[in-house]
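These are the structures in question, set out in turn.
Two complexes follow with chain A in common, the first pairing it with chain B and the second with chain C.
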Partner chain A sequence: MKQYVVRRVALAVPTLFVVSVLVFALMRMMPGDVATRMVEGHAYAPTLAALRHDLGLDRPVHVQYLEWIGNVVLRGDFGRSYWTRQPILDEFVRRFPVTLELALLTVLVSVVIGIAVGIVAAVRQDTALDYVGRVLSILALSVPFFGLAVVVVVVPSIYFKWTPVYTYVAFSVDPLQNLKIMLVPALVFGVTRAGPIMRIMRSALLDVLRQEYIRTAWSKGLSERTIVLRHALKNAMIPVISLIGLQMPLYIGGSVIIESIFRLPGVGLFFFEALNKLDYPVVQSVNLIIAAMVVGLNLAIDLSYAFLDPRIRYR
Partner chain B sequence: MARRVALAALSLLLLLALAIPGAEAQTPKRGGVLRIAEREAPGLDPHLSISFLTHSYVSLAYSQLVRFPNGPEQKHPADFAILPDLAEKWTVSKDGKVYTFSLRKGIHFHNKPPVNGRELVADDVKYSLERFMAKSGFKERFEPVQAIDVVDKHTVRIALKEPFAPFLNHLANPSFCAILPREAEDKFKDFNHPDAVIGTGPFVLKSYDKGVRVVFERNPTYFMKGLPYLDGVVIEITPDSAARVSLLRAGKVELPHIWGWLSPDEAKSVQKTNPELSVVSHQVIGQGFIYMRTDQPPFNDIRVRRAISLAIDRKAWNDALLFGEGCVDAGPVPCALKDWKLDASKIDAAKAKYLVGYDPAESKKLLAEAGQKSLSTPLFHWPGYVVPWRSYYELAADNLGKVGITVELKPEEYGKYISTTALGKYERMAMGPSTPFTEVDDFLFGRFYPELPTNLSRVADAELTRMLVAQRREMEPKKRKQIVDDIQRYLADKAYYVYVPQWPQYVSHPPYVKGFKHHDGYGLGMRLVYTWFDK
Partner chain C sequence: MSIATAPADVALARRAPARTRPWYLDVWVQMVRRKPLGTMGGAIVVVMLAAAVGAEWISPYGFSQTSLLERFIAMNRSHWLGTDQLGRDVLTRLIYGARISLYVGFGAVLVGSVLATTIGILSAYFGGRVDMLVQRGVDAWMAFPPLLLLMSIMSLLGPSVWNITIVLGVAFGIQNSRVVRGVALGIKEHTYIESARAMGSGHLAIAARHILPNVMPTIIVVATTGLSTVILTEASLSFLGLGVPPPYPTWGGMLSLAGLDHMYQAPWLAIWPAVALSLAVFGFNMLGDGLRDLLDPRLKGG
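Coming up: the complex of A and B.
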């Protein structure tokens, strides 16, 4: 087990290195020039050359990269925004709880709905319940979450003079009000993400339910509830957990739009605004931090396989 | 007896007058907090940003030397008469080169550290205007300024290199001439930090929760006695436009935009679903155009440019996209700039047709004569401008396609667009909106004077250049207007820019919001000084 963990952790390092190089290079390949915009549109410095020098953009690209990544790795310093000159990590730390809470609630909603509907559809295969579940999952898959979000915000405002858009209050300040604010965005985002979970849950469970050990369990006279929930579900969960892990970047990516529509001051908006302003250090560092989180999460998921399935542990 | 009857009738009339709600409603009441749904401003320093959001946000807190009329003072939304603000009076020397401003006495900054409510003095004016000239993206506006001198504690003298007619208008524009206290910059390095927003304006910035809301409170020591009427203003930061309109519909904000604007489509929808809301249309200063590299073939050929203008079916465009409520005579001076606009109907029809006419047959003929029967061109643009701009690009391509011009739409990423195309660095043809300036000089000198980055069509026309310079040096308003008229007549058939219809803006708020009058100046503070709640 220890060897397995070490191997997995070691594999994460090159992944993060590649991410850092890619995001650094991609930002510089984007059309437009941040220094020109800052000088010509916003008068951040008297001349372009002065600003380039000030921002360090006049040095060779590899020097810029090494300085950035060096500061990150050696000092945990993610740099400052070109535009606001504020430390990126401070802003990230301030905003991250909003995005994390949204992601967790979204996962909760999508997992509860997806797994529950998936189990019912598998156990009641080819019945009306199964068909309804499958139709709902296709619907959830095909409705874009941002479209649903706009509908949820706009339609009640027209017909009921009410809209689920509030002024954000942190959980630590007023937990109830905070949950009230987060509930609708999490539901909107979670429902649309429940579709794929339900489909994978259904097919994985069907697969497991046809295996011999399940037939043995039936022949032992165990109840359906015990067979499904205690014997089949744990094995059927592996692809489902993989899927949730794979969807994590989507939760973060989707937060850009959800946060914008529901007025949530999270990382998604921070990232999006930085991208629009070609704020290189912000985009690079936020990307790197999120990539590290995704890698970490996938690592945790891989390790959870080992917990769920001993064969992986001993391979 | 007759006297008794008369007395009774008079009493009855008095009672009736008191009973009519309208009569009572005309007296402004104190109190209430106005809520606005708007995007976050990119910064709060009025000199370090050219964003209208920055300028509107901080216009609540700052004052200027002089200002535009607002509320009951304004005759129409584009009324740019000059009124006293921090300066109570001023004189201009006979040669038009020296302005002397006398400041009001006893005006105090907001009571926030490090300024702590000290008195505003002439040094603050000198510091602020010089900072503007050193740092602002609009600093060219003050290019004719030679020196700013403090005469005494309450007198400032500004000397110009040459007479410059637009000077007072620029000084009155809330976009950039805010008077700031030096101590705040010393402490915070610039004016972007919310604690550094310390002015002499009608509202005091109380708190700023980034990405969430900005709270302003009434300035109890504001120098206009009894104003503002409101207790405060809250900007609810709302990046998404659909969410902003929903907040208006749900009664969670009074204004769905920093100036209360809705797009034509949103306005029509709100009128249908929420008839209780006030929706008033205003032809605001705004302009959209196709611009071309007139310094290169084929657009250096006047026949090609005229052909492009004649291909635009402005009436159908106005009917299809703007509910017939737009203005088709949108340039070179915008429709709303009434004091300067020379309507196309007052220009020789043979020339004006190249400005506003639609004649596809002649367009094709001109293209054939110029040897450009199968002209094809890219059309660079940024697709992210508000609705209906996306339809504008497509409609332009469609109109030009009907006379045989193949247009390839070239959408650009914003960063690239704003640092290249919008500064005149593009190939062949592009399209987009103009900044809604408050000075006619910006629409003429700014768009046509050689070598300026705002001269998007790269016009270099000696006769025109002479007139452009003359109008900005003419200090007598009537004579200046004549030159501006001559410029408009001269430009009518040149088609350096091809103007497309301009839509009105729809200002919407609940009916209990009173006294909120739209003005085309960039400030919000003075609009809200006269705003009050009737509830």
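Coming up: the complex of A and C.
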């Protein structure tokens, strides 16, 4: 086990190195220049050359990269925003709880809906209930969440005089008010993500229900409820859990859009605003932090499989 | 459920000499006979294609034809789906929007498929250190949440139809090269590859003449199932103002935050593009699912 863990962690390091090079190179190679915009639009410095010197943009690219990555690795310092001069990590840490809460609530919504509908569809296979469930899941897959979000923001405000709450309140300040604010975005996002979970839940459960130990359970005279919920569900959950893990990057990417529609002050909005201002350090650092989280999450999932299933360790 | 019946039929389609249809026509016949949802998806896609190709003839107005006297009209006889804040006809813009969506969608998938095939086959064929290097690159790319990376690139490149097509194509290609590589790895081990090599075929000839045709069904499946994702991603980027720039009408752009204030006066500005986008994604999803069931190489047997 120990050897397996070491090997897996060692594999993650080169991936993260390539990630950092990739994101840095992208920022520097592409057209679009932050310095020009800062000088022309906002007069941050008297001349372009002065500002470029100030920001260190006049130095060779590899020096800039080494300085950035060196500070990240050695000191955990992700640099400062060009525009606000604020440390990036502080801002990220301040905003991360919002995005995390949104992601967790979204997962919760999609898992509850997806698993419930999936179980019903599997247990009542080929009945009207099954077809309704499957059509709903296809619909959920097809409706773009940002389209649904815009419709949910606009239509009820016209016909029911109801609008989502836009002034954000932190969970630690007023949990109830906070949940009220987060509920609608999480519902909108979660409903559109429930489709794939429902589909995989249904097919996994159908698979398990045909296995022999389930037949044994039937012949012991257990009730359907016990068989499905106590015996079958546990084994059918494995593919569902790995799907949720695989989808985490989608939740993070989607949070940019959801946060900008519902005006939630999370990492997504931070990133989007930085993009619009071509704030290199913010964009590359946020990309790196999130990529590191994704790599870490995948690693954790792989390790938990190895922990649960000894066969994987010795491959 | 379809999986159980498919092998027999696919085998039949390949064997039966009485049926003279080639497989790429036969797939469609099978689709209509056995896949009602796939057929429905296909019908939606055909309608969308027709709208895109014939936009000039079908649509009643020009896509940027403004009329300040007719702003915010709800549905009526001359504007079936109403007008927007500049008096532009919503139906017309939806029809032209289909053109942009398909143009970007097909363009990106074409670029992406070629790229995925090239990377996948080369990486699998040469194996060893080449494979190792290429795969670490793919790993790194896949570590990003896709939307974040695409947003970063598009904000630097600037929005344009050309840029978004290429960027989405490259992303699609890198992601799906994994799938192609997996299939190619399996094919590489067959004895006929070995015999081709023994007969003195060059690397390129083996890759192009022996591996490529066998990878083809996988590529078709990947491409059709990927179309809906690409169209949706284009819409999300256009929604954020990072995709196709105005004045071109796109469904994502019509929904975008920039127009949110107007939508409170005219909710149809939000509803119709959302419906169009959902229908298109639904159509491509169903068509892709149907095609996958009929074409999946795993179902064909040895």
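The rule is simple: the second predicted complex is superposed on the first by the 302 of 315 C-alpha atoms of A that agree within 3 Å, B and C clash if a C-alpha of one lies under 4 Å from a C-alpha of the other, contacts with A are read in each partner's own complex, and residues count from 1 in each chain.
Heads up, the rule we're going with is that a contact is a pair of C-beta atoms (placed from the backbone, for glycine too) under 8 Å apart; a residue touches a chain by one contact, two chains touch by 3 or more.
Source: prediction; values computed, not measured.
Annotation: superposed three-chain arrangement on chain A; chain B versus chain C shows a clash.
Within the superposed three-chain model, A:Arg37 lies in touch with chain B and out of touch with chain C [touch as defined at top]. In the superposition on chain A, contact of A:Ile290 is made with chain C only, not with chain B. Legend: residue contacts after superposition of the two complexes on their common chain; A:Ile261 is shown touching both chain B and chain C. Of the two partner chains, chain C is the only one that A:Gly147 touches; chain B does not reach it.
By the touch criterion defined above, A:Thr15 lies against chain C but remains apart from chain B after alignment on the C-alpha atoms of chain A. Of the two partner chains placed by the overlay, chain B and chain C both lie in contact with A:Asn276.
Of the two partner chains, neither chain B nor chain C is touched by A:Leu229.
Once the two complexes are overlaid on the shared chain, A:Met27 sits against chain C while remaining clear of chain B. Of the two partner chains placed by the overlay, chain B and chain C both lie in contact with A:Ser157. Shared contact residues of chain A with chain B and chain C: 30-32, 150, 153-154, 157-158, 260-261, 276, 278. Interface of chain B with chain A (complex): residues 40, 42-43, 47-50, 134-137, 139, 192, 209-213, 236-240, 242-243, 245-247, 249-252, 273-274, 412-420, 423, 453. Those residues of chain A that touch chain B in the shared complex are 30-34, 36-37, 40-44, 46, 83-84, 94-95, 150, 153-154, 156-158, 161-163, 165, 167-168, 260-263, 265, 269-270, 273, 276-278.
On the side of chain A, the complex with chain C involves touching residues 14-16, 18-19, 22-23, 26-27, 30-32, 138-139, 141-144, 146-148, 150-151, 153-155, 157-158, 249-250, 252-254, 256-257, 260-261, 271-272, 275-276, 278, 283, 286-287, 290-291, 294-295. Chain contact summary for the complex, chain C toward chain A: residues 37, 136-137, 139-141, 143-149, 151-153, 155-158, 228, 232, 235-236, 239-240, 242, 252, 255, 257, 260, 263-264, 267, 270-271, 273-274, 277-279, 281-282, 285-286.
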